[in-house]
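Working notes, beginning with the structure itself.
The chains carry the letters A, B, C and D, assigned in the order they are written, with residues numbered from 1 in each.
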Amino acid sequence: MDGHTLEGIIAYPVTPFSPADGGVDTDRLAALVDRLVTAGCHAVAPLGSTGESAYLDDQEWHTAAETALGAVAGRVPTVVGVADLTTRNAVRRARFAEQAGADAVMVLPLSYWKLDEREVTRHFAKVADAVSIPVMVYNNPATSGIDLSPELMVTLAEQVENITMVKESSGDVQRMHRLAQLTGGELPFYNGSNPLALAAFAAGAAGWCTAAPCLIPGPVLELYRAVREGRFDTAREVFQRQLPVLQFILRGVLPSTVKAGLALRGLDVGEPRRPLLPLDEERTRELTELLAVLDLSGSQV
Amino acid sequence: MDGHTLEGIIAYPVTPFSPADGGVDTDRLAALVDRLVTAGCHAVAPLGSTGESAYLDDQEWHTAAETALGAVAGRVPTVVGVADLTTRNAVRRARFAEQAGADAVMVLPLSYWKLDEREVTRHFAKVADAVSIPVMVYNNPATSGIDLSPELMVTLAEQVENITMVKESSGDVQRMHRLAQLTGGELPFYNGSNPLALAAFAAGAAGWCTAAPCLIPGPVLELYRAVREGRFDTAREVFQRQLPVLQFILRGVLPSTVKAGLALRGLDVGEPRRPLLPLDEERTRELTELLAVLDLSGSQV
Amino acid sequence: MDGHTLEGIIAYPVTPFSPADGGVDTDRLAALVDRLVTAGCHAVAPLGSTGESAYLDDQEWHTAAETALGAVAGRVPTVVGVADLTTRNAVRRARFAEQAGADAVMVLPLSYWKLDEREVTRHFAKVADAVSIPVMVYNNPATSGIDLSPELMVTLAEQVENITMVKESSGDVQRMHRLAQLTGGELPFYNGSNPLALAAFAAGAAGWCTAAPCLIPGPVLELYRAVREGRFDTAREVFQRQLPVLQFILRGVLPSTVKAGLALRGLDVGEPRRPLLPLDEERTRELTELLAVLDLSGSQV
Amino acid sequence: MDGHTLEGIIAYPVTPFSPADGGVDTDRLAALVDRLVTAGCHAVAPLGSTGESAYLDDQEWHTAAETALGAVAGRVPTVVGVADLTTRNAVRRARFAEQAGADAVMVLPLSYWKLDEREVTRHFAKVADAVSIPVMVYNNPATSGIDLSPELMVTLAEQVENITMVKESSGDVQRMHRLAQLTGGELPFYNGSNPLALAAFAAGAAGWCTAAPCLIPGPVLELYRAVREGRFDTAREVFQRQLPVLQFILRGVLPSTVKAGLALRGLDVGEPRRPLLPLDEERTRELTELLAVLDLSGSQV
């Protein structure tokens, strides 16, 4: 895979846990991944934030990576998330992903102590040097505790050969305009903030990384098609229709919300790992209604 | 004028001051307003933030309002800015604007002490009740010190008959999606954040309130035409082309930057009022270059 | 007065408005100022934030300044607040204050457009140059919209002869430690954040600028005495006792809260000026109880 | 140990790493801990933020805990830090610490996804229930990504029997006043923000948790003695004297700074773990000077 060919809807699966022992439920993970590919998503990105990768031990992480890659089976690109506090563990996981068949890795520099630019740069360079597949630099200050400026991300892409893509989840569309400006539109960037989906495509995003296809693959893909075909009025209408669900997902803890939604969609993927708690009853009821309204509106189109 | 008919590029003139006595330079103000209308702007909005209205005494404010309205001469709608710390003065100025022929007023609730929702609501209701022309609720937390939520702005529009438009300058496109969501797209909203111009139109904004036409009317109007004709790839290209100038304007104090730019464009409108200082030499040079690059690129299209 | 001699509790009076015509109620203002001096406050500071000076027109401002100075009648120093958007008006008001007999002026640089350091510096220099009495630089980002760093304030004091005092209301005690550090403890600084009263004195503050003496002069002065006599355990106890009232005052709009409290204390000073609204019933009840609890605890000491 | 008896200077050791294999250097860790106890610190807190515990694998963590406890050898209380993303691992580490002889554990709820109050509460309850030694609730939003309000921390202490202490590192002294207010001064709280040391003691803090004794034990203990003896003017002077070093430590990454400082103090504890990088030359020079100035001033007292 070449960074320039990753486009469209890049879907995050959650990591199902077995009610029996709390371990990774590989059957359900494979089933979910298959659903995403079958629905028409253009790529799958396991072990991202949605996949609770920060809460997995090494063995669990390996199992989840292998299971997801096996289930995709090369039908679409697979981008494996690598988010670790230490460089040595990030290197180890990136190598594992490559050997297991990942098409790319998406690297998020977790922080306990805030890293400076030297430290961030070295971390990305070490991880990228350890593999030969493309690396996507991932900015998500809300979860990682580090905010990567467009300038820094572009510099990383310029300095390290296999850093070829950027993912922006800060929720600020001006960062995307800045990325396009700094690179003359040459560096593909991906949106990771659901309520920014429309604005990001207007800004020229190559794709949308999202867990929403776990619950509402139809509207997500419909939005993408409208954008690609230049029908912006339709895109805006489709976006507004799904916006309540996107906002709901963003408001809470994503794995908890998506796991609750998957149960409503007939796939019981268990609970999130503690300290994360399952969605409570009231919010589950709210999600049920939002999905019902969207399903109904969709069938009328 | 009906709120629903205000659309497109709504241009802010600065308020020129006379080098002789520091007062409002009515000749230059009239000349600038005429330039904006002649260039094709769809409306003019004097005495906004760009117009240094917060720095004018009552007599100066009256003079500037009458001069701008006289220069527009009904060729396009005129929306007069009303931003005051006290309700009684805001009422007085709104009435003056109506009597002088304004088509609408744009009301920004200045704060010294942070106002609560009761206080903001009462302020807007009193000002709107004092006039019969449409009122645009204006959110600009960076200058006013108050952040009006989409929910509050929609409530104001529902409760007060002649509040019929909303202007959003917080720089967050999600506020605009929320406005559209809360009103089913029925309440016209206007973007007041230059670097958000493209995203705002993608979100369904009815117009763009901007001082940029003082310096670069061509690219601003070209962006609007591309959007209206559904040519989003062109719109993005035109937007990226003018983005450096929009970013430059936003980075500094707007009246200082625009006044420096107008001098470069051959219209000497004097200095901003103290404590605001004129743009320094280095930044003036930078602006000169940015305008030259944009002019050149524009002539190649 | 020399800047170095201003010490202790510097009390802010509110500006009473007449229910009849909404103008400044000079009788009540004089009565309130007299109360503050009689209670033992070490200085009086009219026309600060508490005094709603931002909401007064020029004539009202003159009247309030003259009334307060007349009522103090030289018994303690009077520090008049000067907070204006334009430099020319700040100069005018500072001169008026000096001619009316003020011992010092406390200058807050209001912002509509954010001022840069050049602009802030020039504003302070122009105002200070216009008078010969001492100037207190006042940092209150929450109301003024500008945050003056300790470094900038110290530079101002070094560069302008009659800038001899600093007031810090950002609520961050580390700013005060920094002020002491930068000047070897030589520049007197004053605390303007009520809940920081104890920490500020521990940090070496020369005084506490506060509206609290309008309502609870006893505990405020008791805290100061304990600090000056080196009885820190007592100071902490006295501080904790009055903390609920200080927190309550801070939580709302200060003039509204203090005016409601003065009515409870038997001095009806009217309502705050619109858009500010009087304290609502529920919060007035809450304030009544907090004052009652404190009065009772005080009598037991 | 009873929570009420933990008082004074609670010193954090760094975790030395061996240059040979990058593993925990137990000899140096033991030597450093012994230094801290010998210097007169009132307690030792290994595996806190300073101890890079977030960057250790389980085996390393066990080794460091056992080494530190062995080196303290019961001479003073030892409080072991427990900061984990998952509840199950936090439980495991807390149990290990108790079995290894810890007098208390200090629990920081790390976040990837932001936890809500239900989740935080359950996390603390599960960890506290798993041990019988006292638990200190630790708030440090800058590193953990979660901000625990004083109200929540007090509720935790009320609901869970062996939660008996609170540590506040947000840097806001008003949180400490609030803690004292909510509990009538009955819940011991500890300051974890170095530049707040003086203000925290003025607010009634039972102790100061700090890495500063690794570098400047004398001034740190001197400050504490002055406070305890009610000599606040001396305390302020001693605090101002060491403030430049405290600010320097805070500005960078603490383990990097303290490790550089320990090398300057003659104890080579190796480098911090990647992605953390050693202090660069310029900043090491700056630290060298700050320590020299402080040493010299100390000898003159």
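Everything that follows uses one rule, which is that a residue touches a chain if its C-beta (ideal position, glycine included) is under 8 Å from a C-beta of that chain, and two chains touch if they have at least 3 such contacts.
Just so it is clear, the model here is predicted, and its values are computed rather than measured.
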item	value
Intersection of contact partners for chain A and chain B	none
Chains contacting each of chain B and chain C, listed by label	none
Interface composition of copies chain C and chain D: same or different, split at half	same
Intercentroid distance (Cα basis), chain D paired with chain A, Å	36
Whole-Å gap between the CA centroids of chain A and chain C	52
Gap in Å, rounded to a whole number, between the CA centres of chain D and chain C	38
Touching two or more other chains - residue numbers and ranges from chain D	none
Partner chain D, residues of chain A touching it in the complex	49, 54-55, 85-88, 109-110, 112-116, 118-120, 122-123, 126, 142-143, 145, 253-256, 273-277, 280
Chain B contact footprint on chain A (complex, rising order)	171-174, 177, 180-181, 185, 195-196, 198-199, 201-204, 230-233, 236, 239-240, 243-244
